[in-house]
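Consider the two complexes below, in which chain A is the common component and chain B and chain C are the respective partners.
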Partner chain A sequence: MNLTTALARLLIFPGVLFAVPAAWFFLWVERKSVALMQGRIGPPFMQPFYDFIKLLGKTMPPRSGVGGLLMKAWPLLAVSAAAGAVGLLPVLPSSGGFEGDLILLLALLEVPSMCIIAAGFSSRSIFGEIGSAREAVLSVSYNVVFLLAIVSIAASQHTFRLEALAQLQGSPLKWLGIVAILVCLPAKLHLNPFSLPNAEQEIYSGPMTEYAGPELAMWELSHGLEWVAATGLVATLVAPHLSAWWLAALVFVAISFAVVLLLSALAAATARMAIDTTVRFYWQCTLIFAVLAISSALFMRYRS
Partner chain B sequence: MNILSMLWRNLWGGSRTMLFPARPKVGKGFRGMVRFDPALCTGCAICRFRCTARAIEFKSAKGEFTWSYDPGQCTFCGRCVEGCKTHALSQDAECPPVYLTIGDLKRSYTVARKPPAPKPAPVVLPAAGRQAADTSPGGPR
Partner chain C sequence: MNLWNRLMCTCRRRSPWLFHMNSGSCNGCDIELVASLSPRYDAEQLGVRLEGSPRHADILCITGPVTHNSVQAIHTVYEQVCGPKAVVAIGSCPATTNVFIDSRTIDGPLNRHIPVDVFVPGCPPRPDAIIQGVAKAAEILAIRAAKKSPVEPVTMPLGGPGCGEACACASEAEPAAQEVQQ
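Let's look at the complex of A and B:
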């Protein structure tokens, strides 16, 4: 991958130019589909964009010192990391990539979550701190399953290149990994039944409680980009290998859309679980997926 | 699985959100706006005392009183109606109307105080009857 291709991927498709409107679109699809499933009208198509613009136009509360600087820095870092993660997705056929880009993708996907934890504690609000503590506990719980799923797929293929993994033909291990990722996505995207860090009826918006104006707009954007990156990761693993670039892009968007609908249906159908139940659920999942994934990865490795 | 079938029905059944000016149907015991009947009111102001939302104002003047009610502040709890001994207050069994300006629905009534009811004449018992009452077991000793 040369510099031009890398920049085009990062800035155009599937990078910023695609990812930002896609983030607003996915946020709208999630809100609208949950509303329809609950018998409500839901927001108009442009609502996430209007929200973003309106928040950008608001004045921020004055913040001084290192705490204030950190509170400004966390949302920007989260947006950059999420946009970078979307840019790394191997959507187009033979789009290059480099050895170990899967590890970078996983790291970038984790940065927004860490920023949320840090932001809650930086805000010095009791609701923010509770939300951050919940996010930290949740992150430790679901990430074991998430990382195990992806790393076991990678280990069975002897590579950490995303493109090679995307071209992996339908093996049981790949589908096991996809199921494991799908189980983790509601927690990663703070959706019901794992919407503990931003449980609005209990702790307002959790770590976001003290945020307003452009900083909050950046958090919203980062959340939308996380949607694109997380659903895009599933889409790249599920999508069949296609040689026509436009067809590959279309299939990527269609599968991402289907995943958004699936997660929205889950969010509409369930209520929030308690933190101990959630942690227990993920650790039980971890045990099951660990046994299945490691045994099948070892089996595939020795067979090949 | 029941919840999934419900979601599926909702998804294709359209929204239940009503657009203005449609109003939802309400049940029989619905607590709507408070109505005031000046003819029955004695001006005791117990309704103002019971109103925690401060929707009812009461101003007393010489020979009259002013009773005001602002539905914009009312929580429709019905405690004023419950406490009105003379049944001068009642509640509509329908949704309050939509209003566009603050205080649009506010109503004020100035009511002339009724002259106090004449004191009932003391009951005079006949002498024989009074004697019997004094000697009875529950009577004065």
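Let's look at the complex of A and C:
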């Protein structure tokens, strides 16, 4: 992969130029499908775009000192990390060179969640601090399962290169890993039944309580980009290997869309769980499957 | 007006985020405000979202006759809403203090404390009247962004857009209710 294709991937597809409209589109699909499942009509197609532009035009409350600077920095860091994660996804077949690294992708996927935790604490709002503490507890719970699932897929393939993972053949182990990742996605995207950090009517808006205007717009965008990155990760693992680049892109978008619909259906069908129930769910019920997956992956590797 | 300002006007009109505040209301108007987001009325079609924090909101919806205890809270919350902002007074209480007039625990009406843009009368107002008032407030926000001139307060017609049909339905329902009583 030479420099131009690398830049084209980072800036055009599946990078910024694709990811930002896709983020707005997925946010709309989530709100619209939840509305349809509740028997409502739901927001118009351009709604996330209107929200974003409107937030850019709002005034900001005055903030001074290091705390103010940090509060400005967290949403920008979250947006750039999420956009970088989307740009790394191995959607198109490549031809040698830097092929994307799974560890880098996982680290970038984790940065927005870290930023939310830090943002809540630096806002010094009591609701922000409660939301951040919940996000931290949630992140510790689902990440064990999420990382074990991905490591089991990687261990069975003897590689951490994304390109090789995207091309791997279907096996029961791979599907077990994908199911484990899907179980973690609602917690990662703060959806019902794990919408604990931003629990409305409970702790106001959680870590976002003190954010306003353009900073809030950046949080909305980073949330949308997280949607694209997380569903895109599942799509690259599920999608069959295709040589035609346009077909690969089309299958990628279609599978991401299907995952968004699946997650929205879950969000519409469930209510929010308490934090202790959530932690128990991830540590007691799901961890068994993740441990099963990684032990069988290591066993298979030992046998081969 | 250049292209960016026109886009901003459209976006402000199409994306009103609400913050709901109770200043001593009997909970009647609050129930109707939540009902306007329910499947039957579905205010989300207009881009309405009920936000948890006043920092996120564009439109401050205040119910209740403004008790002494709530005056300071109203000022604080009004300051916390970032500009451009609009205020919708929901129900007859914030407009006139309603049946609580001359009470020694009341410090209303609301426009003695903060500038109100839209009054939605009714005790309680119908959900569609509330949606109409919020849509009017969103238009005021867009005008305010474009002209920067003060906008006169608006009082919405009593009963809301669906009032005639609702009255017709009620008169049809009355004989049935009488039969049940008998």
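Note that the second predicted complex is superposed on the first by the 294 of 304 C-alpha atoms of A that agree within 3 Å, B and C clash if a C-alpha of one lies under 4 Å from a C-alpha of the other, contacts with A are read in each partner's own complex, and residues count from 1 in each chain.
FYI, contacts are C-beta pairs under 8 Å (C-beta built on N, C-alpha and C of every residue); 3 or more make two chains touch, one makes a residue touch a chain.
Computed from a predicted model, the values in this text were never measured in an experiment.
K.L.:
What does the overlay on chain A give for chain B and chain C, a clash or a fit?
P.N.:
Superposition result for chain B and chain C: clash.
K.L.:
In the overlaid three-chain picture, which partner chain does A:Ala274 touch, first (chain B) or second (chain C), both, or neither?
P.N.:
neither
K.L.:
Of the partners chain B and chain C, which touch A:Glu200 in the superposed model: first, second, both, neither?
P.N.:
After superposition on chain A, A:Glu200 lies in contact with chain C alone.
K.L.:
Return the chain, chain B or chain C, that is in touch with more residues of chain A.
P.N.:
Counted on chain A, the partner with more touching residues turns out to be C.
K.L.:
On the A-aligned overlay, A:Lys54 touches which partner chain: chain B = first, chain C = second, or both, or neither?
P.N.:
Once the two structures are laid over each other on A, A:Lys54 reaches chain C alone.
K.L.:
Just checking: does A:Gln38 make contact with chain B only, chain C only, both, or neither of them? Give me first, second, both or neither.
P.N.:
In the superposition, A:Gln38 touches chain B and chain C alike.
K.L.:
Once the structures are superposed on A, label A:Thr209 by its partner contacts, choosing first (chain B), second (chain C), both or neither.
P.N.:
Only chain C; A:Thr209 stays clear of chain B.
K.L.:
Touch test for A:Ala244: chain B only (first), chain C only (second), both, or neither?
P.N.:
Neither partner.
K.L.:
Check the residue A:Val291 against both partner chains and state whether it touches chain B (first), chain C (second), both, or neither.
P.N.:
neither
K.L.:
Is A:Met46 touching anything from chain B or chain C once the two structures are fitted on A? First, second, both or neither.
P.N.:
In the superposed model, A:Met46 contacts chain C only, not chain B.
K.L.:
Touching chain B and also chain C: which chain A residues?
P.N.:
Of chain A, residues 35, 38-42 contact chain B in one complex and chain C in the other.
K.L.:
Residues of chain A touching chain B in their complex?
P.N.:
These residues of chain A touch chain B: 33, 35-42, 265, 268-269.
K.L.:
So in the complex, which bits of chain A are touching chain C?
P.N.:
Going through chain A, the ones touching chain C are 31, 35, 38-44, 46-47, 49-51, 53-54, 57-61, 127, 200-201, 203-206, 208-213, 216.
K.L.:
Spell out the residues on chain C that touch chain A in their complex, using ranges where they run on.
P.N.:
Interface residues on chain C, with respect to chain A: 7-8, 10-12, 14-15, 17, 39, 42, 44-45, 47, 50-53, 55-56, 58, 80, 82-84, 145.
K.L.:
Which residues of chain B touch chain A once you look at their complex with the stated criterion?
P.N.:
Of all residues in chain B, those touching chain A are 3-4, 7, 10-11, 13, 15-17.
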